[in-house]
């Protein structure tokens, strides 16, 4: 996923232009994030029971994009991933900022396309795929004299939402850094593993926070569905989780040639 | 999936006959499309909740056929795929036309077998697996004086259906071209990735358009279930998506030795 | 799955004994079939909605057994597979008969263990995991004078059941022969692909015939649940499908060194 | 999963410290078990229909941790796995005891985090993700005189629960030893296969015992949900299954260089 740009080898006439080294990666982040988020939003709005369909739609879409465009842009598609990779020292800060902008624009485009293509009733029922903290029927009390049943609603608290998003994003970014970047543990199966990590994380968090892990995935639908309740949760949680994962990687998990402070060579 | 015929090496007596180079690939497209569509149609008609069963039935069937017959025919099984591969310059136009005919015949055979083997009640409930634009209960209004509830139905519009099919087919063909054809990014995991791409696309589009991506998959059931409403959607959307994906590949995503106009060598 | 016994190389003292070449493979077929069927039966009796749980329980169990014991016995676990492999000329007839006996004994053991470990109510509801042709509520008629609703039941016919089992087993055996045996197309991903083939086939056939593809999987539960209705369907369909798949492989799909009549060398 | 520590090569300055050879593996077991169990518990408490979401949450989480941290600690995350690997002679007894302690602490941390982050109503409904033997509505009797319906409840017996956990854990440990340890059958796909084994085992056992296979996964939620009914089942069953699997491996399945008594070299 975070393989470096290997397309433009030295001696290759492509190498001189900005097209291969800058424009094409940004285009992949823009278009790719848009389609990745779009497939996920449609999976969410399919409204089958549980979060299985949404989890596999997001996870498998990320898997196949990572496998096919990883050599061009690294397929971050997510500001948290870019933050984690930045902390791991594998992307230049300028490029990270440009990726970040492209990812937000891609997510916004996906939110707009979903608004345009989904029928109003479907769109309203799934709030355009926007992520919000879930509300449950918690307890029901039956009044003894007239048998009327009252339901008490219960909503996930903001700090619970932030911590849940933080924890699953921590896992997500940690796995990405290990299977796609680390000298020792990186593997050709990285796209498959990264996709399945996202599936597992959305299966875990989906019923409680919507399972975002990704500010770009949350921003687009929020704009078009005008659903700003708890929206900051999906920035604070994932970005904090990514930052912690990046630090753990650099100080503890990384192979000796990348670990701080004992970086050799 | 789109590996060339490597069975008939030079010096191999097989190489001289038409059997290996023409007849056997066409037979694979005919029989393979029939079984691929058949497994999918049965998955659709199983009528479990949501589109999960249908998505995995279609996607996993494509995966395993691609892995086992990819070296013979490329396992297109879909006119959109053949169109995309044709635009990418990896199949001869004459062969593409023959593939196209075989795929339609295979899909028709699958539609006929499903009609023959499914009980009438099951067949009617799933319209023989034919793809149609979905109808939802959109809003319900309760009349204040007699408490009768009216439901407003809402159906996916033709242009929404075309765009949804176009977008997911664009993703599907793009991934196929990148993981199975492109000099840089093709991989031995291609069949697995292509299968999972189809799973993700059907999870996304299934609840709204049925998730066809494939005129051959839509034609067969439409004939036997006599379900022609919106049928053109499943030709226009997927083929347009494939054409756009083929152009994007040639002009932007392809490795330098295949990209236009800077084709070297 | 059908890799030959490579454990006993020449010069290896193991090679002389019957343990490695005969007893251990038979033990794998016996114990492996028992556990494979058992995991599947428990998945069937979990009674979630649809066939998704059963399909993945059977398919993933086969996948992991094939990956871990394929080098010992080939992991047939299914008389249809043994028949297909026999027709492809990759197992000796004597060994095939012994495998066949072991598979039936393993399936019977699984049926018995399921009877012993599942509570009566659960066991009765899923008929011990036995495969029977499904019965549906087909149509309902409301009598005009008293509003009583009558349901017409509809059951899958015997010949439909046989053909459905035949078709999916044909696909299953064909994929096994191509990815695990064929000189050209065999691949290290064979266990994964074979497992997913079984998932797809059960997703397709499960709602109609139970998705057996395997007489050994059907015999054990039938004995302990005393459920013999349509039992012959699960012998005729899978074995016929395997026989046809074996012939197609030998005459059409196989690489030139294994194909009849143009077998070279 | 049980690859040895290959990070600290000779001549590598890391090799001298305890950090690489002891502290870091224990940290992986502690933190990894915590996150693995946490993702699974959240999947269980999502309360979708059936066990599909829980099975994939646990299985895919194990898969991706095994792929990314297998080179550091072996990613046991489960006392049963450590016991099986110990019997197979691939981990030192002292290290096994330390792993065991770390796994229990990790599981307890996960149980505590789940208690903290899940709303009371959700937590109570899924008993904090604790594993208990299932209770079913077995039969219903209608009294003839007043049409009141009585339901008879039925609960999985303790010995059934132990045997079910024992059998699936036997399969789980056997597959792990074969694909990750055995000289002949170990494979680079081991993490994928081990993850899918856990999915299959939970799909099979989940509806009856909760599908633990892992005392550390059962202990943590039991403490915080104060749910001790049948808790010993989840120690006796998995550990017995692992012990039997370890013995079968050493005496029957292992390649000749590891098999007892004919150990060569």
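By written order: A, B, C and D. Residues from 1 in each chain.
Definition applied: contacts are C-beta pairs under 8 Å (C-beta built on N, C-alpha and C of every residue); 3 or more make two chains touch, one makes a residue touch a chain.
Just so we're clear, the structure is a prediction, and the values are computed from it rather than from any experiment.
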> How short can a path of touching chains from chain A to chain C be, counted in steps?
Replying inline: 2
> Do chain C and chain D face each other with the same patch, meaning over half of the contact numbers show up on both, or with different patches?
Replying inline: different
> What is the distance, in whole Å, between the centres of chain A and chain B, each centre taken as the mean of its C-alpha atoms?
Replying inline: 28
> Between chain B and chain D, what is the gap in Å from one C-alpha centre to the other?
Replying inline: 39
>> Residues of chain B that contact two or more other chains, please.
In response: 49, 52, 189, 192
> If each chain is a node and each touching pair an edge, is that a line, ring, star, complete or other?
Replying inline: ring
>> Applying the document's contact rule, which stretches of chain A touch chain D when the two form their complex?
In response: 49-52, 55, 136-139, 154-157, 160, 163-164, 167-168, 170-171, 174-175, 178-179, 182, 184-185, 187, 189, 192-194, 196-197, 199-201, 203-208, 252-253, 255-256, 262, 264
> Which of the residues in chain B end up touching chain C in this complex?
Replying inline: 6-7, 12-14, 24, 27, 35, 38-40, 42-43, 45-49, 52-53, 56-57, 60-61, 63-65, 67-72, 113, 116-122, 188-189, 191-192, 195
